[in-house]
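Two complexes are shown next, each including chain A; its partner changes from chain B in the first to chain C in the second.
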Partner chain A sequence: MPAVIMILIFSIFPLIVSLILALSRTRLRSGGYQIRYVGLQNFEKQLFGSEQFHFLGTFKTVSAVGWLVAATAAALLIWWMYSYIRGNNLTVLGLIGRLITASLLFGLAMLFAATLFSGTQFGTLGVTLFYVIVGCSVQFVIGLGLAFVCSQPIRGRSFFRVVFFLPLMVTPIGIGFGFRMLADTTKGPFSPLWKLVGLGDFAWASDPWAARVFIIIGDSWQWIPFIFVILLAALENVPRDLVEAGHVDGASNWQIFREITWPQIVPVAATVMLIRVIEAFKLVDLPNIMTSGGPGIATESMTLHAFFAWRALDFSQSAAVSYLLLFVTVVLCVSYFNLIVLRRRAVHG
Partner chain B sequence: MTLASPNAAAGNGTVRRGFFEPSRIGELSPGGKLVVYSILLIWSAFVLFPLYWIVITSFKLPISVNSGPAYIPWVDFMPSLHAWRDLFDTSPQSPLAETLKPYRNSVIVASFSTLLCVLVGSMAAYALARMEYKPKFGTILLFVLILIGMVVLVGVGGVDWRIAVAVGLALFVLLARALSRYFKRRIGNGDILFWMISQRILPPVVTVVPIYMMFQSVQLLDTHLALILTYTVVNLPIVVWLMHDFFAGIPIDLEESAELDGASKLTVFYEIVLPLARAGLAATTLLVLILSWNEYVLALFLSTTNAQTMPILVAAMNGGEKGILWWSMCVVIIIMIIPVILMALLLQRFISKGVLLGAVKG
Partner chain C sequence: MRLKQALMPALLGATAMAGVTTLASSAQAQHEGVTVNLLTRPGPVIAGRLEQRGEEFKEMTGATINVATVPFADLFQKLVTDWQTGTNSIDVGVFASGWAVEMVDAGLLADLSDFVAADDKIDMDDIAPYFREFNQKIDGKTYLITIDGDFQMVYYRTDVLEAAGLEPPRTWEEYLSVAEAVHGQDMNGDGEADFGSCMFKKRNAQSFYAIMSIAAQFSQTQGTGEGFFFDTETMEPLVNNEAWKEAFRVYKATGEFGPPEELNHDIGDTRALVTTGRCALMIDWGDIGPLSIDENSQIKDLVGAVIMPGSSRVLDRASGELVDCDAQRCPHAIDGVNHAPFAAFGGWSGAVNGKSDPAVVAAAYDFLSYMNQAEQSNFDVTQGWTGYNPYRVSQFENVGPWVEAGFSTEFAENYLGAIGASLNSPNMASDLRIPGTQQYQGIVLDRELARFVAGEITADEALANVEAGWEEITDDFDRDAQRTMYRASLGITN
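Entry: the complex of A and B
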């Protein structure tokens, strides 16, 4: 099993080293590093200390909306745990897993409540989650819509299929620069349009929300094709006679989609989203090129945060940030896999 | 997928139908057609416009870029080949003088790592699909523990790494023998597969600093080999994941009869299984190739001048006192897209429609 050995060397080993780095303070010396064990100090710095504004965001007293969001999240999670405990297939592992998931979700809800809904800026963790949640949902909806449209009996389907697939082949760096050209409000192709609506000297990259949306647009441009291609294949695999039988029975198009097509493509859709979410957590090149993480830290994803720390030769902080990212990613992705993908597969086989 | 001919629809035009009512099952109503085609055209425009803009910018003179938007060659601006000529101009003044070397690096790194990755990954996938592994849970735990101990000893304790490895291996063999009857829980192929896939969840930035230090300690930093090895490992999970499902879909009878005829396992793999899984292999290769061709983060950490790959070069054009040379940048982006598209066309005939689907369904 050479593959297992290679992965062992290149993932387990670095993971351990990374952990050591995250738990210590490194200092560059001539010809080597000085590594000193400092325990959880690095994590403390990120979560509660001087780097808190950067990682978690600026906290303010939680507003009414914030409390409302947090309370809703807590209520939903408690209800979810309760119904699981009352259910018949209770296992210790399942309970522990769900507890971890629930507490992480609650923590994230509190985070959003204390930053976003209280009107202050949020840190790289919030930005990353924003990219993952908003970006992936937008991409899924558009990708599914396009796949559905393309699965209709139309002419030139293979032409559209090739065209829609193109963006996936462009290097993300190229996309970043390309979109920077397009977004230029004075020299870009849309500048007459911007002048028309009175935004002649508006710069996308100077407003936090505009910059985030801008990055999501670039990301979507690249990744919608991926979702599109796979969902199109799934849609074409739906047996024709089922759909036709539905038509004969007088079902409306929407009913046919919901009752026949959707259940057939759900397993594929769940897996595609898993792949997409995993990749979305690693988003780094687009923010780096398009906005360099700015304005301020408004578009900095966690990977970029770790990279900036590394560039400043602060290996320990970099490792600490990456470990926090790893923790969030693993809990969310494994929960998603266990709770949604596996269940879908079990139901639809 | 056959397309219904328009004549067939015209044939039953005697019955009056609503604008949104299909004339036949399996065909679109005129209104539906309008909606569908407008969506398709709008999206094509959205996809193609940035590409079009990149292409025409590469033919623009600096003045045409800086004086505001110019859309159509020969009408709004005079196209010129100046940026493309820079590509072959090796004098130090040329902004693209250094382009061809990273390009060669990229070609070397992407092709070798893809090759290695697909080779190793498909063998691993085949093994997981056909043979049963039942390693004991305890043994693996022991191995990881000893590994952690070794790293701590070398990193913090300052023990020579050769001694640490030797002691660790010896300890592992001894303890595994001695303790093996206490280990009851075994893990199966499914667990190994899931573990491999879960490696993909790992954000590269978590592992890249240690990998950087590792290559630094063996003096391999900024070489092709470092990048090839790293890319191979990063993309292995995808290959194993996709290829496992393709192999599982191949009927086992063929392989069994070949083995009865005296073929070795390797012969069976190369002569029978691989050709059968050709479509999947092509799709996987293409995907891995695209991923490693465009990889940015790892290359950023692991290469500086010698092994610098194209994405780094493109990103590096950001700075400079002259601002971004958009026209040169666009040339570079275009020469980066071309080989991928060529590969896609080359491999396309192997990829039938349902290939990616079968893989994702699992």
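Entry: the complex of A and C
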């Protein structure tokens, strides 16, 4: 019973209060806050109203490439649903879940088709997904590579393990300031190097894509160690006899990795990525410190969007953006867990 | 530790002791046992001096002043949360005066008018009219005690302009042409090309203060009471017009003669460039003066200050177009140029929690009054590290303390002349002081300006978005209530 009460206090109560805030407008009044119920107005403002450009992006005409991307996404999703319906595992719950996932994925594909692939700017939702998809992919590939190297019998292995793990212990604010300084092409410590390669007058913070990439570099520097340390443990748990048997049978290193090592670590890899993706959706420190969301709104994540609104006492918009973030995160992460993690576990576990 | 910093406590101690011994006898143990908890921003700037003066105040009156700090961006939120939720762990907030309007509206602040009336040491007549009548008062009552006067000026490198045969800019067109003429010169002898203009442009920092400073010159002509944010009758925004469009154009154009990464520069980055001698022109609050004589500064005696450049073409509110100044349109113009020095941020001011114990309120007021009194503040404003800028007439009429602080007489006269010209201007532009100011400025204006400067949208689109965003906020806060507050903030009472 005490545990249930604790959960209610610390988890459910804030969720309910923030939902009330998201469905109302608030303002300071003598003796407390005045809360006025406005229904879905705050969400409408983000999705269709004056904040649409900020949250979703700027929509003009969809380009031919945009239509192609949308059509490809639609075809893939229809094929995916069709395969599921024709398969042997059809359940009502599974169908509803897949319909929700497919709708959201199609919506996101349309979003990118109408913004990124049509030459207009995407909003904080697109920026957040960019951080999640590109950032987590980069971090996974490098983290796995480093873990693989450190699992081999190389000299100084223990030293590298400690060194690769260190960035995880640094506070994100420190990393933000550190990378902002390192990336400064005119005053930073690498300034002579930048000048040498002709980038002395290049300001990364003034270019939307360069700024986003630098934020991903900072984020990766911090989070690669997390993936590294868990995958290293997984790699070291791969049975030696299987690997040795592969060698005896004349398999190449790549074949051993693909056929023996990778299937063994997939369940762990899928889980670590789930944790990392959930964390990446909440990225706020680095864009706040490095660029304050700029240039323009180019590097503003959804969490930063909500934070800026909250700081100006606009609790309602802040709560609405937070709920939209919660919706996207939950649908994508639950889909990922059900469709990839559980399936991998079923296959390999 | 630098020599100046090392000697500072001793110097302060000596000056304070003289005051303490005379005051102690009359006010001894006046507030014995009372503890006042004060919250402000961190760092030696603003908070450092409050702590030191707090110690002096304790010796004089027995009251303990606890100075706590939170990051600037969280300050408003922390104060409001503490007071609104009834926690009341904070007795005094030292913050931007403009924020107080929302707090007074919510009934959070103590009315200090009676304390001021009974205070024979504060000498209100010495406080510059803008700060006395607009900054400290809301709806005719005094809720705030100023400890820092904030408005922006343009600073220029005297040596660079002199070598180029140029005069300090009087208008924004002149600003741009001066910046262009000297851009790329080596201004600090390090062999590198330096910049014609340095102006902070980082989003979510101080950039919106700069744009308001520029826009005021084109928008406000009839005196402080005219205001330039909203129509005082309809509360419709006065932003989607040629005046603001021109301000946006000028602001972005200064970037052509600025450092390449200026879009990511806040005021701290800009000041670092200025004091290392890399900028010919810059816009800043009063801080550059004292910072220029810091021991690490490379611009000692090489910098001058002028009132914010103005414009000979100003807004015709009926048509939304810019028209030429004439005697009727620009009654306060100097040589045909309209100036509207903008009280950006309003200055750091102290306010007292209305729910604090009466004994604490009395001690808190006495402490704020002590900070504000000429005997203390006339010294504090000459010290760059305090972050305090002049707001008393006696502070810019007497060069003595400034020369003692390390200014040359010539620079002190130049600097104080610019301050005097701004503070004495009947056309000083007031910062926005109505509920939702943070949302109007810090969210909507700041974001649209950042998008425009980054090249995401045009000035027309940005200003249309600002207008629409401001209208939404006004409707959300109730248009009639906002109009009443806005008119009151400009001193329009009928």
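As a convention for this text, the second predicted complex is superposed on the first by the 345 of 349 C-alpha atoms of A that agree within 3 Å, B and C clash if a C-alpha of one lies under 4 Å from a C-alpha of the other, contacts with A are read in each partner's own complex, and residues count from 1 in each chain.
By our rule, contacts are C-beta pairs under 8 Å (C-beta built on N, C-alpha and C of every residue); 3 or more make two chains touch, one makes a residue touch a chain.
Worth saying up front: this structure is predicted, and the values here are computed from it rather than measured.
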Would you sort A:F177 into first (chain B), second (chain C), both or neither based on which partner it touches? first
In the superposed arrangement, does chain B or chain C reach more residues of chain A? B
In the overlaid three-chain picture, which partner chain does A:I85 touch, first (chain B) or second (chain C), both, or neither? neither
Report for A:A312: first if it touches chain B alone, second if chain C alone, otherwise both or neither. second
Identify the partner contact of A:V65: answer first if only chain B is touched, second if only chain C is, both if each is, neither if none is. neither
For A:S206, using the defined touch cut-off, is the partner it touches chain B, chain C, both, or neither? Pick first, second, both or neither. second
In the superposed arrangement, does A:L196 touch chain B (first), chain C (second), both or neither? neither
Could you tell me which stretches of chain A are touched by chain B in one complex and by chain C in the other? 33, 186, 288, 310
Touching residues of chain A toward chain C in the complex: what are they? 25, 27-33, 50, 54, 121, 180, 184-186, 201-206, 208, 288, 291-298, 308-314
Residues of chain B that touch chain A when the two form their complex: 1, 3-4, 25-28, 32-33, 36-37, 39-40, 43-44, 46-51, 53-54, 57, 65-69, 71, 120-121, 123-124, 127, 144, 147-148, 151-152, 155-156, 192, 196, 198-211, 213-214, 229-230, 232-234, 236-237, 240, 290, 293-294, 296-297, 300-301, 310-311, 314-315, 317-318, 324, 326, 329, 333, 336-337, 340-341, 344, 353-357, 360-362
Touching residues of chain C toward chain A in the complex: what are they? 73-74, 76-77, 80, 84, 102-103, 105-107, 202-205, 259-264, 435, 438-439, 442-443, 447, 450-451, 453-457, 465, 468-469, 472, 476-477
Once bound in the complex, which stretches of chain A touch chain B? 1-4, 6-7, 9-18, 20-21, 33, 35, 37, 145-146, 149-150, 152-155, 157, 160, 163-164, 166-175, 177-179, 181-182, 186-192, 221, 225, 229-230, 233-234, 236-237, 240, 244, 247-248, 267-268, 271-272, 275, 278, 281-282, 284-285, 288-289, 302-303, 306-307, 310, 315, 318-319, 322-323, 325-326, 329-330, 333-334, 345
